[in-house]
Each structure stands twice: as structure tokens, then as C-alpha cells.
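A short worksheet on the structure shown next.
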Amino acid sequence: MNIADDSGRSPVPSTVRKAWPHSDFVQDLAELQRVGPLTHCNSNSVGAALMANVLLAVGASPAMIAAREEVVEFAALASGVLINLASVTEDRADNLLLSAEAAQRAGTPWVFDPVAIGVLKFRTRLAHELLRFKPAVIKGNASEILALAGLDGHAKGVDATVPSVDALASALELARQSGAVIVITGAVDFVTDGRQIIEIPGGHPVMARVTGTGCALGALIAAFLGVSPTPLRAASAAAAVFAVAGEQAGSETTGPGSFVVRFLDLLSQLGGVQAG
Amino acid sequence: MNIADDSGRSPVPSTVRKAWPHSDFVQDLAELQRVGPLTHCNSNSVGAALMANVLLAVGASPAMIAAREEVVEFAALASGVLINLASVTEDRADNLLLSAEAAQRAGTPWVFDPVAIGVLKFRTRLAHELLRFKPAVIKGNASEILALAGLDGHAKGVDATVPSVDALASALELARQSGAVIVITGAVDFVTDGRQIIEIPGGHPVMARVTGTGCALGALIAAFLGVSPTPLRAASAAAAVFAVAGEQAGSETTGPGSFVVRFLDLLSQLGGVQAG
Amino acid sequence: MNIADDSGRSPVPSTVRKAWPHSDFVQDLAELQRVGPLTHCNSNSVGAALMANVLLAVGASPAMIAAREEVVEFAALASGVLINLASVTEDRADNLLLSAEAAQRAGTPWVFDPVAIGVLKFRTRLAHELLRFKPAVIKGNASEILALAGLDGHAKGVDATVPSVDALASALELARQSGAVIVITGAVDFVTDGRQIIEIPGGHPVMARVTGTGCALGALIAAFLGVSPTPLRAASAAAAVFAVAGEQAGSETTGPGSFVVRFLDLLSQLGGVQAG
């Protein structure tokens, strides 16, 4: 896919667009499978079980800690942390702030998944508070990235209503301002650190019919943060895993029920490493 | 199935019993798939993921909001709301009351699923408080409907111990008193607004072996409330979807694990609309 | 498997090691399927849905009660209770203590699953408080059992890093001190009351790649406590169910996604009883 518009002008002329090197993918995946990075998922998401199962299938070691005291302690033990806003409560919001602060203090890189911000005022405020603790990666659909950049993302509940490319200019700006790598999910995923833009096509439309797939991608980015040399590589590796396994699983199955089963099986077989 | 007893006398002589028109089903399902109604599920249910996956498979747009402030705000954004008592906590109970009140104020129709009431005093009290906010539909098994009508439903945990037809007289009375459409689930489902009784046979016994199927039906009724012309039609459409897809999935599979997979696949293929 | 070391000396010379009689297994399973024991699972585990689905598949009746008042009331209604520390919060910790106390007072046997203790100080303290209420069974991996016995279990998040046999001496000591039956899970499971040691081989490595399988075993032990003549038999029956169905499901499938599907189907077919 070429993100330049029909006139041939690119909307983001000062950046370099490219496909992500396959050799980086192979190397980071092998490292993840060797290390089994301890990944703390702060999430109340209805898809938390899928999140844990995706990490286990690929070869990471998920932890879903929820007590206030433990959340702080665990930010230093984990090699990557996820902060996910799905189904957040007022109580849980305090935990997320404590976790993000503790991760920053401990030098543990963390992923921010601002689920459904823009739709609701409470979590939009919370999202901006969390940004102070400097996430390594921010992952969202186009509506969420636009909302985080202060624009109207036209979200419908948790779903984006605009294609990922429409948030690209905002993502570049957000990357430069925040220092985080930005991932915009969609039919094509974009990953950018504000200078490079990596395009990752793949996946399958049925993934939008399975609750928690987006949340699970956030968790997998946090797992790769524990092994990849840079946040840009971590985010790209996770997105590539989802693109490749999602596309294959989608093409081999006939609906969202059988898709998840096949997706998890394929994740456990990536790189020739069989589950168990 | 004929609900009249052997003597030929009907237990509910003043009402009309009938099958639900297939054309209504086709029309309401097509409308749901066209609109993708935003449906807010207030639930702590262990089956919340199934709930979301059922809505996504059929073509609705689920949201599982949990922060107090957001619950109130979202009742006006959604086209249908579910209030489900499974695994309710004291804290969560306040949210449910706020959500029901906000839904009533905003004119958003809501479904009440009084899971396991009758067994436990706390949620029996809560259920009666919630009724003040006028649900459009109340869905329960025979034990729950009997308990809500003030009778002993002989529940065993979350499971009914009596057939759905045994709660029919109570359901009619409850419908007239509350103004809500009542759904009694069981081997045969009954849907009534206090005048008409619609019988919906189908489904499969294995559905009782999968956690959250009843909760997911409540969520699907809330989704249909956003598109069907009446609550009676919304409740009937959702029950018919479960009856048809459940019966087919049950007949094609050999246990609860493979049942869920096939059920979700079939839901995504209803009416010829393929997932994605 | 022989737990004696190479020199021929057994590490636990005063105990009797044996396989568990198959006839006990058949008898206890048939009783569970006949009674459908009401089993209260106190858990915030990300695997709570799997927990409920495993109980339903085998034929028990799970309840996941979470309100403080209800937790106390339900401890007397249930025939077995599970206390599981996964994803515990400060609020939830109070509930667990109340539930354990109420179970002890009501004479309802309970299972303690000290998930990830040793790693985090908060839950290590909580675990020792809970032990005062005399669980009938304590189930953990080697790291958790070692930590509960006051040793360093070298846990990595929720995963054990040592084989189950390494915790056997500690388990015997813990059984004698606490009066509980101890289950150490691993490639071989050990069940002991401090005098007998029952070895249960089986299962499949892929089970470590599915979130909540360990938690579900704890729930199944609680279900068997409602029907088996002794805690030793309850724990052994549950472990044997997992060993047999897990081994078969693992050998018939190609990854964690298809494993769970087949595992639940097989659980519903145990002893010739088909789901539904």
C-alpha cells in the first residue's frame, strides 16, 4: 500500500516509509521464545483471557496483577507493562496511574492502549494524565489516536469509524511530542517513531468480530518490549505476528469462533516452535 | 409445544399463544446487521467475553463500560442497555442503579437479567430496586422469574430447577404489573407482554453446559432493542437467533467446547452475512 | 515415575507412595455427575470462564459470587468452596477472608489456591492469614508450595521454575502442620495428606500455554469435595480427570486453541455421560 495520495504528494513528506525487515521479525520472535518475557497486563478488559492466551501461545509469560501494592512492586519485576483502559473503573484508574509511575521509575518500558478515549470524558482525562509517565509505545485505532492528539476521532464505542491512514499525520505529531512509538491499527497497521513509518498489511476482517484482539496486540507489544532492541522494533514485531497469523487463520476458517482457535494454534507454531 | 394441560384447559386462557412470524425475524436481523447497534452491557459476568463475542458475531457493537461517571454518560449514547446481576458486588450494584436510572431518563430501553435472584437476599433486594427504573424486557429462567414475582423459585445456584412453562402464569402477571416484556428461558422459551405469548422452541441441552449463554442472550435482546419496533419483537428476535443457531451448532458438535466455536461461526453467518 | 533418588534412598521414607485406585476415580466421578455439586469459586482469575466451563462440562454447578454479603451466605449453601488468589485486589482480599471463615464455620470444605505467592509480599501475607481457616486442600505448583512452606520457590510470575517433585518434602511437612491435603502440580502431580503420596502422571505440556488451567483444577477439586468421601480422594479425582482428559486432548490437537476445545468436549464425555 502506498500512503501518498492520488496527486503523488505524500501527506507526510519528511518521513521515510518502508516495510519492516523480515530478519528483524525472525530475530525478535526467537528472542521472545527464548526469554519468555514477564509481561504485566494492567487491564480490566473483557478480553483479558485472550490477552493472556495470546502471550502464552507466542511464548511470553503474562501476569495480571490487580492489588494496588502488588501493581507497584510488579512494575519493577516485569520486563514490559501494559496499561489498557478497557472497562476502567475509578478505583482501577488509580492503579493504572501508580503502575505507569512505577514503571517509569523502574525503567520498565510500557505500552499505553487508550481504549475508547474520545467517546467518554472520564477516560480522555485519564489518558492525558497517564501520558506524563512516558509510555514507550501508544497503540490505538485511528479514532483513538486522533482523540489522543486532541482531534475528534468520530469513534463509535470502541470501534474506529475512519481508516488507519487518516490518523497518520496526527500519529507523527504525537510521536514527536510524546517521544513514544505510535501504532495505528486498521486494515493496514502503521508504526512510527515520528521519523520512520512502517506499514504492516495483513490480518483479516474477522478479527474485528472477536472481542479483545486489539487489547491482545497491546499486550504482545509489551512482551516484545522486554526483548526487542527498540520500541519501534517491538511494536512492529507484535503487529507483524498479528498480521501474519491473523491473515492465515482468517483464510482457513469460517467465522469468529473457529478463527480464535486457529489463531492461537498458529501463534504457538510461529518460527517452528511448537507449543509445549 | 402446546402449553395447555392434558384436560384441554389452558393455564392462561385470556392470552393468545402463537409462534413468532419468521418475516419479523428476517427483518429485525437485517436491520441489526445494517445498523450495528451500540449496546452497553453492565455486567461482571464470568461470561462477559462470550457476551461481547455473541454481539460482535451477530453484527452489533458491544461496550462494557464500568466507571461510574461513564456508565451514566453511556446510557444516553447506547441504543440499548443490559443490566445483569451475575457476580454483582456492592460497588457494582450502585453502578447498576445509576445506569438503569440514566437509561430511563435518556429514554434508552434496557434489559434486566436478574441472575440467581431468589437464592440470595442481597440481589433479591437489588432486583426490586432496579424494577423502579422500568426495564423494557426482563429475562430469566423459571426460578428467577418466579422469585421476581415473589414466589419460591427453588433455584440451585444460577440454575433453574423447574421447566419454563411453570413460570408462565407468574410471567404474565409480572408483565402486566411492570409493563415489561418477560422472557422465560428453558427447553422452550416463552416471551410475553402480558397479552400475547410467543413460544420459541429450539436450542440444545449443551447450552446449559457453557457458562454465560443465558447472559449473552440478555445482551442480544439489548442489541435488538436498538433496532426492533417493539420490545416484544426485540426479545423474540434474540431468542429466535439463539434457538436456531444453538440447535444447529448443538447438532453438529460433540461437547461444550466445540459447541461454542460453531455457535459463534453460525451467528456470524446468519441471514447470509459473513463475518468481516 | 519413582521419586526415590538414584542412590535408592527415598526423600520421604516414612510415607507410602502409590498410584490412585481407578475404581475410586470411577465412583467419585459418577457421584459428581449424579449430584452436580454446587461449587462456589471465589476468584478474580482471568481464567474464571474456563473454571466455570470445566465445572459445567464435568457436571458440577459453579457459582461465582462476589458481593460481600452474598459470599458469606453462599459458603453455607455450597458443598465446596474455592479461594483463589489470582488477580486479587485489596477489596477482594477481605472477601476471601470472609468466605474462608464462613466456610469453616459452616463446615463447608474449601480449596486454597495460592496463585503466585512468594513473588509478591501482599499475597504471601494474605495466604498465611487464610491458612488459619483450615482449608481441606491446598493446591499449587512447586514454587507456590515451597513459598507457602516458607522457602524460596524461585517463581517467575505465576509459573513454577522447579519440578513438582522438588516440593514434595515441603508438601509433606505442610500437610502435617496444616491438616490439609496438598496437591503439587507439574508434569507429574503429587497429592498427599502427609502419610500417603499419590502420584498422578498425565496431562500435556500444552496445558501450560492455556491461561487458567491450574485455576480450573482448583475449582474441580472444590467440586469433588462435595461428593468424595475424603479430601485426599477429592483432590486425586480432580487431578486424575485433568491428567486423563488433558493427555488425550493434547495428543489429538495441534496448539492451545484447539486443545481447550477438545479438552472441554472430552470432560463432558467422561464416564460415558454426554453433555446435555
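As written, the chain order gives the labels A, B and C, with residue 1 at the start of each chain.
Throughout what follows, contacts are C-beta pairs under 8 Å (C-beta built on N, C-alpha and C of every residue); 3 or more make two chains touch, one makes a residue touch a chain.
Just so it is clear, the model here is predicted, and its values are computed rather than measured.
Both copies, chain A and chain B, contribute mostly unmatched positions to the interface they share, with under half of the numbers common to the two.
The best fit of Cα atoms from chain B onto chain C calls for a rotation angle of 120°, in steps of 5. Inter-chain centre distance (chain A to chain B, centres taken as mean C-alpha positions): 34 Å. Residue positions of chain C touching 2 or more other chains: 49, 91, 261. Per the touch definition, chain C reaches chain B in the complex via residues 36, 38, 48-49, 51-53, 56-57, 61-70, 73-74, 77, 91, 260-269, 274-276. Looking at the complex, you find that chain A touches chain B at residues 44, 46-47, 49-50, 86-93, 116, 119-123, 156-159, 204-206, 208-212, 250, 253-261.
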